[in-house]
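Next come two complexes, and both contain chain A; in the first it sits with chain B, in the second with chain C.
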Partner chain A sequence: MHVCTVTPISMTVGANRIVPAIAIPHPLGNPALDKDEEKKLRRDIVEKALEALATEVDGQTIFD
Partner chain B sequence: MKLEMGHIYIKDIQFAAESKIEDGILYVSEEAVKAVVLEDEKIKSVSFDIAKPGESVRITPVKDVIEPRVKVEGRGGIFPGVIAKVDTVGEGKTYALKGMAVVTAGKIVGFQEGIIDMTGPGADYTPFSKTLNLVMVCEPVDGIKQHDYEKAVRFAGFRVAVYLGELARELTPDETKVYETCTIKEGMEKYPNLPRVAYVQMLQSQGLLHDTYVYGVDAKKIVPTIMSPTEIMDGAIVSGNCVSACDKNPTYVHLNNPVVHDMFEQHGKTFNFVCHIITNENVYLADKQRSSDWTAKICKMLDLDGVIVSQEGFGNPDTDLIMNCKKIEAEGVKTVIITDEYAGRDGKSQSLADSDPAADAVVTGGNANQVIILPKLDKVIGTLDYVTKIAGASEETLREDGSLEVELQVLTGATNETGFNKLSAR
Partner chain C sequence: MAKLKVVHYINQFFAQIGGEEKADYPAEIRVGEVVGPGMALTQQFKDDAEIIATIVCGDSYFNENLEKAKADILAWVKEQAPDVFVAGPAFNAGRYGVACGTIADAVQEELGIPAVTGMYVENPGADMFKTKVYIVSTKNSAAGMRDAVKKLAPLAVKVGRGEKIGASSEEGYMPNGVRVNFFEKERGSLRAVKMLIKKLNDKPFETEFPMPDFDRVDPNPAVKDLAHAKIALVTSGGIVPKGNPDHIESSSASHYGEYDIAGVMDLTEETYETAHGGYDPVYANEDSDRVLPVDVLRDLEKEGKIGELHHLFYTTTGNGTAVASSKAFAEEFSKKLKDDGVDAVILTST
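Here is the complex of A and B:
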């Protein structure tokens, strides 16, 4: 599975499970947020990725 | 909108006591241009040098290349929103000093800046080996941040170019070309049987010193919009980026964008050149989606039959390119895309990071990973201190005999994605 900012490329290369990330220079964080908000954001993405891994998929799926 | 472009051919550049242009020779007062640069207190010192085609000279690390111009009639001035006050440009009369360029050099980020060789195999690949180059190497004050240094050098280059352009204000051009486009309604009435074609230009806007400015606005903060194709000729778009040297658009390329100029050649003959659409290449997916949605929407609203799309840079902008292509084609508008390739040193890898069957008409600027040996040259303007660090080089770049083993990536303009390069195929 991919955690990836540019989900169209993940689609092109054939990833099964795709979790959208924030931005190319900082996929798993956002320096514009304060520390607590960013921590929550990071945790949410990782939890979503773990959930995606545990989900059966039928073809390429983006977990928005 | 109608713009008369007067070309003043510069045959030589010489340092002299007084700046002037006489009989095609540009005389530059070093003292005067230094004063223009040092107006900015962020620049500690600057040195000027002249590099001529055929000389054994290597210029590096190259930041920007700029063509001096002056607005002699009509609204606004050169580089609106940057040097001149904000005003819509692209009509009236403008003079350009042809055959020469201002080149800004010096260490800024230490990577992703370019090389211009004035002779040898490298000179065959960079278009700026053919121009007489007035090179300015800027040193910043101590403790300055990289982005402040970048901005100071960028602005200093524009100021010098405008200063030199002003020397031509009272001259008579050697040649004049007229560029004129119609309003939407006029175009439909005048050319009812010609296909309606526009140019979609993707501007580098990845941030972190990969930026472009439109009338002074950071292009990552724009939504796609339309321009008259003559606006760029007055410097409406300027470079502020340190993307790999081979496929970034220096300001010189924006001023002389060959897609725009070639489309004007066909305007009213094989098609109606409707307008210039600009969009960006941001690093957030939502921005990529919004911008490509908008370019497609604008193409549809303008009832276009076809567009030429040019990319700038490579990597994730490949996605913007493909998204633009796919969405514009989906509106029933035919596309041709211009890109370049990172196909590996052997040319066997996938050329772009993204692809789609809609991209069935592609023009390439060449493979940026192709390896080239640049022989040692007699003189370096700037410094070789970063030559193993720039994109396309490696720790093995500097060889025992002083030659450089590098990828085409290092050469300014080598695989330019507007066609402003020397590579071609038979």
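Here is the complex of A and C:
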């Protein structure tokens, strides 16, 4: 599965399970948050990625 | 004939504002200014057209603030009321190509002003927009600027004047799926035999029916039991051990890295960094978990939410790297991942 900020690019290159990320230079983080909040944000994205992996899809799917 | 009025769109790099560190530069319009590649276009336009304004926008800004950037730019273009809108050329810069395609398409659709752009065939913007706007096919780097504007300028003039546009092979734009009937000089059997003779002699020939380049794979079945699954991390964001021991190139990577993270609980400023030259590296260098989330996966592993985090991760820089190279890398390490019993992969991109 693909964690990616610009999801249309992910669609073009053919990923099947896509989870949107935060920003191009820090897809799984946000330097504006404090460390704990940032880690929680990252965990949320990773958990969504795992959920995507555990979900059957029959074509390209963005897990918003 | 009166000169056509052109509004030109470029990114922060071609406006000489800066590289990746300035990619969040907000959109602005410079009325009456010809900037960067606009000079080369102007030379090619001669007396046919002139750039009346240049819009500059950072690539990250455009893609991350899509609605606002689009609305602002459309309002400015509307006010300038040009005869034609030109974006780029973007060569192989992915976000720039997507921005050029997006804004050119919006200008045509929402303002009814014809638009053209240019980029390298492998730029993701090409596949996204080649059926919507004329995209001139360029080389993969700015070294191809001369060649690009030679095709882009005349096409912009033709489109601006509403003249009939010839076939893609004549005008230099990417095939856009539009088919036009015409009579060939030679009949089909003769052309086919000529092609065959060239092929048998190892000479170059041009097919009349190119195979589509679909790169789609069927989705894998869902992972049934995450709590016992082995998960691996792969990234095109260039995360490497500090010092980049295998010298992965900052762009157009020729290889990938395989690194052992057995016992690594957290990627720190002292131990990991990014080799990627296509985005502002400050945040990834401070904390590489922002690109490759090792810390969170270790927590999930400890809590039993996943079986284990695979002890190797694979990495390269996706910046300007040829699709063919990426495919070759992935073919090789996918096999390793399979042999190592990995159940699923999380691929992160910047």
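Just so we're on the same page, the second predicted complex is superposed on the first by the 64 of 64 C-alpha atoms of A that agree within 3 Å, B and C clash if a C-alpha of one lies under 4 Å from a C-alpha of the other, contacts with A are read in each partner's own complex, and residues count from 1 in each chain.
FYI, a residue touches a chain if its C-beta (ideal position, glycine included) is under 8 Å from a C-beta of that chain, and two chains touch if they have at least 3 such contacts.
Just so we're clear, the structure is a prediction, and the values are computed from it rather than from any experiment.
Once the two complexes are laid over each other on the shared chain, residue contacts for A:P20 go to chain B alone; chain C is not touched.
Taking chain B and chain C in turn and counting the residues of chain A each one touches, the greater count comes from C. Touch criterion met: A:R43 reaches chain C, while chain B stays clear of it. In the superposed model, A:L28 makes contact with chain C only, not with chain B.
When the shared chain is aligned, chain C comes close enough to touch A:L53, but chain B does not. In the superposition on chain A, contact of A:T7 is made with chain B only, not with chain C. Shared interface residues of chain A, touching chain B in one complex and chain C in the other, are 5-6, 8-9, 12, 23-25.
The touching residues of chain B, counted against chain A in their complex, run 206-208, 283-285, 288, 316, 318-319, 322-323, 353-356.
By the touch rule above, chain C contacts chain A in their complex via residues 20, 23, 60, 63-64, 94-95, 98, 124, 127-128, 215-224, 226, 229, 231, 237, 279-284, 286-287, 289-293, 295-297, 299-300, 305-306, 344-350. The part of chain A that touches chain B in the complex is made up of residues 5-9, 12, 20, 22-25. On the side of chain A, the complex with chain C involves touching residues 1-6, 8-10, 12-17, 21, 23-29, 31, 38-39, 42-43, 45-47, 49-50, 53-59, 61.
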